[in-house]
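Take a look at the structure below.
Should a chain be cited, it is by its letter among A, B, C and D, assigned in written order, with residues numbered from 1 in that chain.
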Amino acid sequence: MENLIALLVAAPLLGAAVLLCGGRRLDRVGHLLGTLLAAASFVIGVVLFADMLGKNADDRTFTQHLFSWIPVEGFQADVSFQLDQLSMTFVLLITGVGSLIHIYSIGYMEHDERRRRFFGYLNLFLAAMLLLVLADNYLLLYVGWEGVGLASYLLIGFWQHKPSAATAAKKAFLVNRVGDMGLSIAVMLMFTTFGTFAFGPVLKSAEEHLGGGATLTGIALMLLLAACGKSAQVPLQSWLGDAMEGPTPVSALIHAATMVTAGVYLIVRSGAVFNASPDAQLVVVVVGAVTLLFGAIVGCAKDDIKKALAGSTMSQIGYMVLAAGLGPIGYVFAIMHLVTHGFFKAGLFLGAGSVMHGMNDEVDMRKYGALRKYMPVTFVTFGLGYLAIIGFPGLSGFFSKDKIIEAAFAKGGTEGWILGSVALLGAAITAYYMTRVMIMTFFGEKRWQPDGEGHEPHPHESPKSMTIPMIVLAVGSVFAGGFFSIGDRFLHWLEPVTEHSHGNAPISATTVTAATMVVLVVGAGLAYLQYGRRPVPVVAPRGSLLTRAARRDLLQDDFNHVVLVRGGEHLTRSLVYVDHTLVDGVVNGTAASVGGLSGRLRKLQNGYARSYAVSMFGGAALIVAATLLMRAV
Amino acid sequence: MSFPLLTATAVLPAVGAVATAAVPAARRTAAKWLALLVSLATLVLAAVVLARFEPGGARYQLTESHAWIKEFGVRYELGVDGIAVALIALTALLMPFVILAGWHDADPQETGSSRWRPTQGFFALILGVEAMVIISFEATDVFLFYIFFEAMLIPMYFLIGGFGDRAHAGSDEHAAAQRSYAAVKFLLYNLVGGLIMLAAVIGLYVVAGNFSLPEIVAARANGSLHMATSTERWLFLGFFFAFAVKAPLWPLHTWLPNAMGEATAPVAVLITAVVDKVGTFAMLRFCLQLFPEASKWATPVILVLALISIVYGALLAVGQRDIKRLVAYASISHFGFIILGIFAMTSQGQSGATLYMVNHGISTAALMLVAGFLISRRGSRLIADYGGVQKVAPVLAGTFLIGGLATLSLPGLAPFVSEFLVLVGTFARYPVVGIIATFGIVLAALYTLVLYQRTMTGPVKPEVSALPDLRVRELAVVVPLIAALIFLGVYPKPVTDLVNPAVKHTLSDVHKTDPKPAVEAAK
Amino acid sequence: MSAAAVHSLWTTAADPMLKIPAPKIEYGQLSPTLIVIGAAVVGVLVEAFVPRRSRYYVQAFLAVVALAAAFAAVVGLAAGGYGTTKAHIAAMGAISVDGPALFLQGVILLTGLVAIFTFAERRLDPEAHGNRVDSFAAQAASVPGSDSEKAAVKAGFTTTEVFPLALFAIGGMLVFPSANDLLTLFIALEVFSLPLYLLCALARRKRLMSQEAAVKYFLLGAFASAFTLFGIALLYGYAGSVSYGKIADVVDGSVQNIDPALADTMGNDALLLIGVAMVAMGLLFKVGAVPFHMWTPDVYQGAPTPVTGFMAAATKVAAFGALLRLLYVVLPGMRWDWRPVMWGIAIITMLGGAIVAITQTDIKRLLAYSSIAHAGFILAGVIATTPDGISSVLFYLGAYSFVTVGAFAVVTLVRDAGGEATHLSKWAGLGRRSPLVAAVFAVFLLAFAGIPLTSGFAGKFAVFKAAAEGGAGALVVIGVISSAIAAFFYIRVIVLMFFSEPKADGPTVAVPSPLTMTTIGVGVAVTVVLGLAPQYFLDLANQASVFVR
Amino acid sequence: MNPVNYLYLAALLFTIGATGVLIRRNAIVVFMCVELMLNACNLAFVAFSRMHGNLDGQIIAFFTMVVAAAEVVVGLAIIVSLFRSRHSASVDDASLMKL
């Protein structure tokens, strides 16, 4: 059984290789092949899952050692996999949602002549993502980590002819690189501290608090940095919004369901390290909380449907990170929310994609409206996703998010109160902006007009290949949460890996739930009053200062631009100058001065025999004097 | 005595060079094929060397030793350790591609200029360089090494000055001026380095009485040869200066951008991927082994310089407007990593550095040659003159991207392995240095992606709208290199196994051991 | 000084037959010199009696045969062990026959031989009135551009006297390094200087410059030799003898002077020091060391190129030979006095030559300055004061002289309407026009620059190594620095030849006769062989590195 | 009279000659100054010979005279040819080659 693990990765990798090297002759079957291999990987995942369920909780960890990768003295990196409940969860999520989105893309990318390549990239992503979650050591994880980064780069920039897309792709990769720096430094720290960077020994040692608190904190913070990069957490969140330049399926798969959650995986996976360092954990929860609000606020202000969803993604991942930062209280719920979020956010994005598909790729919600008549399936699935994310009782989001809020309170002390209330506030804002999106898109009057060339968009329902995945995901987003939570199935499933502890909640779970309901109603209500009751202006009103700031991602990009980009440009320019004038100048200067000296000495050779005689005479006098002097001293 | 394999490996290309030069002017194509065949034959010989070499075995293998100049105590002594074997293999591997890539670079009628550039000479010079590089990797006699270390400047000089890049902004005259400036700069820089090293070489002779590396190392080890601290330091500086110029290390780097910018892409590859490696190789083999104490004494300064090279080179690469100069500055940054790894004095660092030499050779070759193909199509080296190429020439763009990704050392491609080893090796002994060096990976991403974005993406520029995609010959150059990059990225074990023993020896020469982990990891 | 002593002096003078013994001359061991001088004398007779038409052939043949025979004699002597075991002082202590002497004589003879080939070259200039012409004036006496000159050209005169003159010069040079007393040294100096002065004046083209060169060379040469002579006088006053051996004994203090009357002169160090300085100056003038170098560029430029080549190579060899003998045989006792001075001279010579050469625009002047720089390098070896020092200098001289002759031979080939095109700008793109010649010249330049695998590198390494072993490490460092500077202008010429566009009105490369080809061929061969496998010659120099005393 | 004085005289003559070489323009005069220097040497030789009481110095003096004569032959030849082609015997006019 274990030996199947490699196949999980191999299948999509093969697909990527074939599709990318295959050339045009594969154009006609490329998408099918890609989907097939994704599905194959899913099937293998399911088989392994079944096998895993067959075992009892303690020996549910499969490992497969392929070969020794980089052996240098003490430094032993292996290519070997570890499949435990945590990885299993991700494998199923990745391959499952992944396959669905492959199918969706068949329809969505139908008219793109580079569809084959698109599927190649998707497969590449799957392979990298699976490698990330299956690796049994941090260095191999790092490979997957950058692998998904590459895939994301390629897919965001898939429409490279659009400069915006190319820029967004570059930005995403660069910001991620900053995070990767953290990861690599973490690995180095592990190596120098423990002499290894394999999960087993490192985490074990962390549990035993070997290596000293400071070091562990250092490792933890570096891991957090990596997580921030990959999961678009403050301060490295800026790339996610621009990443929406990519085709919508990409946004759904990579920038909503899977890749962006890798950070959460990393934190949960390294739970032992974080547990060993409360300070680091504090930082984690702060980051989570801040991002939670940040994303939510940004989400409220965006008129671009995808950007709005992106903001929500950011904030939802904020929830997860927050949970993960809570330690054993939260790990399970972080993952659980991650899974449910995977369903409904993917669903929402696919819905958005379907809308755009029907609206000539229009993304501005102010130009939508009343679409529920035109695309019922999309409306229903999107609506279910909506209900799920705002945490409508009984749907996935309700369970997972509720748990996180509880856990936040359960942190105890003032921290607990602060975090809990932040989480609640976040829930309220979530309800607000999602309702806003919902209303602006599907309700109210139709607000679309003919575009420049004068042809009016004809909204229509998308083809089966697109709707079916949406339906499946909608089902998931309705029932997953309940399925997991009834009898704490998910808790027991994951506990052996992440362990779990009930904090001491200052307030009862029911109270929390009630509070959540209240804020939910408030948030949704506000949105309804603002957008449902009166018509939505096609041109965005100027809006309050906060709104305008939020539209610009709370000015964080401007900050980057001014400080990093401009500053960097100036730095490089001045360095180029320095290199040319100073470093090179010294060299050329020396040469020049020698030349000048030569020119001057040359003048001595004035062609007059008598002056030559003078120099001889002088020379003679000189050496006579010198010889006498030598004897004198 | 057995067949002189090492000599043969070096002599074959030398003979080939003479033969190629002798091909009559009319039979240009014949000369090309001859050169290609010779380089392939050399590759075969190098493979035999690789096969005959036992990683676990004696430190120097396949040794040959003959009297040469008794008067100077100079012997014709050859011998290879794992590091040398790896680099010889790299050299022999790259040559056929260099030749193939330069197939038309020296064709009079195709260059459309009356310039004197006989194809025969071009390929003969390339083979000549190969011969000299290989023998300087093999030499275990300091003097012998020095001879070829210096002599290889001359053919390189003619390659740079005689066969410049046709894609030039200025007029023909201006181009010629630029080119000879670059060539002279290259030669003088390295000559000065070499001459200062000559003084040190003589000094070494005065102190040691012979030039045999193994003998001197042994003598120093068993105390029969004492070197005063100051003497050792001076000699070390003499040697290191030459190697630092060759490598090149900041602030001795300014010749590289000119040389690589003006030379044709294959020659540029020859410079940075092969010839410069002799410098870093020599640091590892001669500086550390002959002057262990001085090496340790100088380490702090060298580490700082290496750091500066890394960051500085990367930042300047970002600031370049010329594709080839950008690659040149990127190389400077990479050489910083190599030197960092060497002087970190850990087995990870030094194995990484050696691996880095190999990988950087391949990755730069891939990137630079593709860039060369691109430049030869459009006839301009300026980044600003390109845009949207991937639309018209996707394969070219793809290979270019892979080359770039290798340059930014993406995991899964060869350079990542070596770069990470260097970083870990450095971090293990000098954490701060290691962390600062890590910034290099961000900057690397920056300049690579900026380059790719500006040239390949965006709307298609009218000038590039008609660019043909890679031809078969060009694919034959690029594909194997990329394959090598991926293979060595996924399975570098063969190389590391080859290198590790040699590195162990070197470390024991400098009396250094890897720092132990802080704690015993829990099982 | 007492009257009796004076009287005794007179009486001895009055009755010579008893005192002066019949000199015993080892003709066999002096044969090289004798052959050359004899041939020179015969050459003069040839000028007198052989009809003009056939003189050239006779003279050339005579010269070649004489030099070859002399070389054979040298080889014979060396094989006979006179260089090592049987080395001794011949001709009543005037001439020493030992390793350095024989080695340098061999080098001088070979250089002279190949140089004579370039003297005899008559294919380069276009034929004048159907007569083949060489690089020498038709009739030196006739005023440039005058009718008499035109008539001489028309009549097809050629200055065949150059051959005997060259032979005389070579004869003097053979004696110079083997002279064992100061008088012989002085005579030899004059014997090879005077013919050279004349040869300088004999150019066919650019005669004004040629004559000017001759005048400068002559006046300055005479000036220098006057200094030498005064120095000799002082040394004589110091030691009471001009024989190297005796002076050396006095310097070492191994002879206590008997006569207190002579106390103020005999062993008076002031005389010694000043005398040494002045004699040394004469020799340094000949080797062209700064600050006695200023004649070099002008004379090298003005003289007929074959003569320049000959002079640059042979004179240096002879002069350095003499310098070595003076410093190693006569003055080892006072090396702590002269070494520092030589240090200084070596340094300024190396740097001065290299630096000034950078801005030169005439290839011959450039080579002149390069020869100055090389004199500096050789001095570094001289200073070593070790056997290695001697052998390294010998080797360097051997290597250098052939490169020089070859290089100047190449210069004779590059010509335009006005004769040789020596201005550097004319050489632009030569490599494009005639690759072979350019390549050969490049080889010579690289050898001058001391690039490995050329004889230049082996020589430079040898002298620097000797210097370093002799404790002159700083000198080595300055040496490498100045050779870096020197490299720059050699490279400049290569750049010019290969990387710059040929000028439309550029010079043509004349196709020489086998004579010049031989010269160049030998030059290249020696350069490469000594670069790749110097061992044999180093051994030779080693064996020859012991002075007899 | 003490022969050392002759040495002083010789030195004086030598210096005069040298100075003449340095300051006079006419090639002939310059050359004569050189001759003067040579003769100064002769005087020194003879004086030393007298002091040392051996004949070497006097013999050398003869050699020197011969050499001087030879130099005259060569020198005059050259100078005259220069004079004829330039109509001036000034050494300063002969400065085509410089720098």
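In the analysis below, a contact is a pair of C-beta atoms (placed from the backbone, for glycine too) under 8 Å apart; a residue touches a chain by one contact, two chains touch by 3 or more.
The chain lineup, named per UniProt: A = NADH-quinone oxidoreductase subunit L; B = NADH-quinone oxidoreductase subunit M; C = NADH-quinone oxidoreductase subunit N; D = NADH-quinone oxidoreductase subunit K.
These figures come from a predicted structure and were not determined experimentally.
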> Through how few touching steps can subunit C be joined to subunit D?
Replying inline: 1
>> Applying the document's contact definition, name the chain pair with more C-beta pairs in contact, A-C or A-B.
In response: A-B
> Whose Cα centre is nearest the centre of all Cα atoms in view?
Replying inline: B
> So how far apart, in whole Å, are subunit A and subunit C when each is placed at the average of its C-alpha atoms?
Replying inline: 81
> In angstrom, rounded to a whole number, how far apart do the mean CA points of subunit B and subunit D lie?
Replying inline: 65
> Using mean CA coordinates as chain centres, what's the subunit A-subunit B distance in Å?
Replying inline: 37
> In angstrom, rounded to a whole number, how far apart do the mean CA points of subunit A and subunit D lie?
Replying inline: 97
> If you look at subunit C, which of its residues touch at least two other chains?
Replying inline: 215-216, 219, 223, 227, 297-298, 488
>> Residues of subunit B that contact two or more other chains, please.
In response: 188
> subunit D: which residues touch two or more other chains?
Replying inline: 18, 21, 30, 91, 94-98
>> So which chains actually touch one another? I want all the pairs, not just one.
In response: A-B, A-C, A-D, B-C, C-D
> Which of the residues in subunit B end up touching subunit C in this complex?
Replying inline: 67-72, 115-116, 146-148, 150-151, 153-154, 157-158, 161-162, 172-173, 176, 179-180, 183-184, 187-188, 191-192, 195-196, 198-199, 202-203, 205-206
> Any idea which subunit D residues touch subunit A in the complex?
Replying inline: 18, 21-23, 25, 30, 91-92, 94-99
>> For a test of understanding, state which residues of subunit B touch subunit A in their complex under the given definition.
In response: 185, 188-189, 250-251, 253-254, 312, 315-316, 318-320, 347-348, 351-352, 388, 390-391, 398, 405, 410-412, 416-417, 420-421, 423-424, 427-428, 431, 434-435, 438-439, 441-442, 445-446, 449-450, 453, 456-460, 490-493, 496-497, 500, 504, 514-523
> In their shared complex, at which residues does subunit A touch subunit C?
Replying inline: 591, 594-595, 597-599, 601-602, 604-605, 607, 609, 611-613, 615-616, 618-620, 622-624, 626-628, 630-631
> How about subunit A: which of its residues touch subunit B in the complex?
Replying inline: 20, 67-75, 79, 139, 142-143, 145-147, 150, 153, 157, 160-161, 163, 165-167, 170, 173-174, 177-178, 180-181, 184-185, 187-189, 191-196, 201-202, 204-205, 207-208, 210-212, 215, 568, 571-573, 575-576, 579, 583-584, 586-587, 591
